[in-house]
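Presented sequentially are two complexes of subunit A, the first with subunit B as partner and the second with subunit C.
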Partner chain A sequence: MEELKTILKPYTVDKELLAGINDNTDLIKDLKINSANLVDVIIDAEAKYNVEIDYDSAEEMTNVGSCIDIIMKKLNTVE
Partner chain B sequence: MSRRVVVTGMGVVAPNGVGLPAFLAAIQAGVSGIRFVPQYQELNFSCQVAGKPEFNWEGLTNYISEVSFHGLKATNIGYGIAAALDAWADAGYEYNTDTPRWDTGCVFGNSIADTEAMKNVITKVDNKEAKKLGSRVVEQAMNSGVTSYISGRLGLGNKVVTNSVACATGTQAILMGYEYIKHSYATRMLVGSAEHVDTYVYGAFDSMRVLSRKFNDAPEKASRPMSLTAGGFVPGSGAGALVLEDLEYALARGARIYAEVLGGATNSGGQRGGGSMTAPNPEGVTRCVQDAIRNSGIDASQIDLVSGHLTATMADKQEIQNWAAALGRHGSSFPMINSLKSMIGHCLSAAGSIETVASILQIQHGFVHPNINLDDPNPEIEEIINMDCLPTKLVKKEINIVAKANFGFGDVNSCLLFSKI
Partner chain C sequence: MSSIGIDIVALHEVDIQRTILPKFYSKIITTAELSCYDPAAMPLYQYIWLLWSVKEAAYKYASRLQPGLVFSPTRTTVSNISIHATATVGHGPELYNDAITTDVLINGLPLHTHSIITENYIVSIAYTGSFDEVQWAVRHIKDPHPDNQSAMVRQLVINELGNYYPQANNITITKTVDGVPEVVCNDIVKNEMALSFSHHGHYVAYAFVVAPAA
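So, the complex of A and B:
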């Protein structure tokens, strides 16, 4: 969760919203992240964890919980 | 009824001064912003000097959100944002708005997207890593990047357009904004232009052998318009911006008014009659200046100061000749004339807007800025106009009307007239 916050930070205008995120926090609706920037969140996550997130998985990354789940899943696949 | 248009705000990012107070002090004192660039020596360029603003890149977070700043790479867009938003604040306006400002548009020009920034894109694509580019490349590669950032930050909801006519871009942008208000399509227009001469664009000019190459060891002397030793121009970078308003609107809100835009003209010499891709057709130039004067409703004899294009090439003499012919004023009856390029080099697309800011400051504060490096005036120019018209030191003088013109590749011309109000 804390690591995901660092990834989301550059794309979140209101940093206070970031402090209170939970699994159900929606990236666009709650965090007000510009939908075009979701691509950048995915690219940053790929670089940080050295994983590849395909189009289908990326589409599922709509809230904090699904982001963590998918990144964990990709990490486990790599190992 | 056509409206009168006035300038109520200005912003500038220039090689010899960022922000109005620093820029005013620099042009009054004749301070050069030209520096030696070690990288250009390493790259075997013939010209190794340039005018680059001392710009605080991190300071852009004072203008745009951190999210917008994160991922901003294009230098010309950064310069444009700073100049435009400074002009907006200088006119007494707030940045934030919840609803679009439907009565306000933006005409902001530039030459080319930042190739240096694009290099990263080219490398990634060539390495089959296009997926890693992210969402911020297209908006900065598109020509309208500058206007998009500016109008987005300020919520400008009227005509938003990016213009590009090489070195005549800045003056043309101002003219287009003026015309839009004059014809009542908008009440306010934020106008100007930005330029970042990156390494690759610089190299291309260097290869054309049009740059100053004999003063690499004395950078401040490298830009020498109208001198016998003028051996090419010095590339400069930066941005200039103006807030134009309907006079009645400005008066009603009690705005500080810098000057009135009397009128202007823009044309092309058609690359005929001596004109080419790189040289102006003299008839095109004289027509442009004369059209601008006629549209302004003044007589050529009323012009107190000419802010020339005067880049420090062989074209300087021809330009003086064109001005003399267009104004019908020769010898000692020619007005004062100066070239800001002697201090900041040739800022290409940004030249017209930065030089216009300088022109209006000269009206506001009653002075003519010096032509620096004019130690050895070209005798052929002396045959056309009196040397007293070419001040090499600051002249304190009331300036009522300034003519500002720029001429660019493609044989394009733009001329504006400003007056005290």
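So, the complex of A and C:
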């Protein structure tokens, strides 16, 4: 969760919103990340964890929980 | 039910160098769409964000009709990208030099879009009827904080709706669980008033249908 915050931080205008995130926190509705930055989040996650997030997975990355699930799934696939 | 979708990309907010990396744009456009790119028409980064805004506008149009629809840029396909020398788009703010039309297919739904590229932003509108029925505008705002973007675009659209629907009193804007904006008059949701808005950086945009489709 803390690592994900560092990925989301550059795209979250109101940084205080990051303090209270949980699995259900929606990236657009709750963190108010602009949709134009969602690809940035995916690219940054790929770079940080050295994984490739395919199209099908990327479109599921709408909230904090799904982001963590997909990154963990990709990490497990790599290992 | 009528619908409409609008999306704006503030060009000063995008990372141009990152945009033109294949690992970035491959999550937005398809191989077929990339093959349609004409370098003489516009820089690659503008083409990428043009297609993003077209697909977002199409998604907003479709999600009003198909609640629960998930936005998938690469499954939303854009074709027949045409640049017109001069054109007006619906009841837009002024005459622009270049208007771009496309055909979009999103989750089985065929749509048409109109886009305009300025030095500051790209704005795209998705609508199936005549664009003469569309009222839209783009405004620059001083404070780009999301709360201000949201408040400003709502105020702008409420003011403009009042001009077209003088009989509508006590107008407010709400959103469905899917994020689709709805016009509410005297606590009654007006489904016939299709509305869409968008904001990015210092720009907000809205579009609504002036004469709802029968």
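To be clear about the criterion, the second predicted complex is superposed on the first by the 79 of 79 C-alpha atoms of A that agree within 3 Å, B and C clash if a C-alpha of one lies under 4 Å from a C-alpha of the other, contacts with A are read in each partner's own complex, and residues count from 1 in each chain.
Keep in mind that, in the parts below, a contact is a pair of C-beta atoms (placed from the backbone, for glycine too) under 8 Å apart; a residue touches a chain by one contact, two chains touch by 3 or more.
Please read all numbers here as calculations on a predicted model, not as lab measurements.
Undergrad: Kindly classify A:D69 by the partners it touches after superposition: subunit B alone (first), subunit C alone (second), both, or neither?
TA: neither
Undergrad: Counting residues of subunit A touched by each partner, does subunit B or subunit C come out ahead?
TA: Larger number of subunit A residues touched: C.
Undergrad: Going by the contact rule set out at the top, does A:P10 touch subunit B (first), subunit C (second), both, or neither?
TA: Only subunit B; A:P10 stays clear of subunit C.
Undergrad: Taking the superposition on A as described, I'd like to know which of subunit B and subunit C A:I43 touches: first, second, both or neither.
TA: Both: A:I43 reaches subunit B and subunit C.
Undergrad: Give one of first, second, both or neither to describe whether A:E59 is in contact with subunit B, with subunit C, with both, or with none.
TA: second
Undergrad: I'd like to know which partner A:D30 touches here: subunit B for first, subunit C for second, both or neither.
TA: neither
Undergrad: So subunit A touches subunit B in one structure and subunit C in the other; where do those two contact lists coincide?
TA: In the superposed arrangement, which is not itself an observed complex, subunit A uses residues 13, 34, 36, 39-40, 43, 46 for both subunit B and subunit C.
Undergrad: Can you list the residues on subunit A that touch subunit B in the complex?
TA: 10-13, 34, 36-37, 39-40, 43, 46-47
Undergrad: Okay, in this complex, where on subunit A does subunit C touch?
TA: Residues 13-14, 28-29, 32, 34-36, 39-40, 42-43, 46, 55, 58-60, 62.
Undergrad: Taking the complex as given, what residues does subunit C use to touch subunit A?
TA: Touching subunit A: residues 9, 13-15, 18, 23-24, 27-28, 49, 52, 56, 70-72, 74-75, 144-147, 179, 199-200 of subunit C.
Undergrad: Name, in rising order, each residue of subunit B that touches subunit A in their complex.
TA: Residues in contact with subunit A: 65-67, 70-71, 131-132, 134-136.
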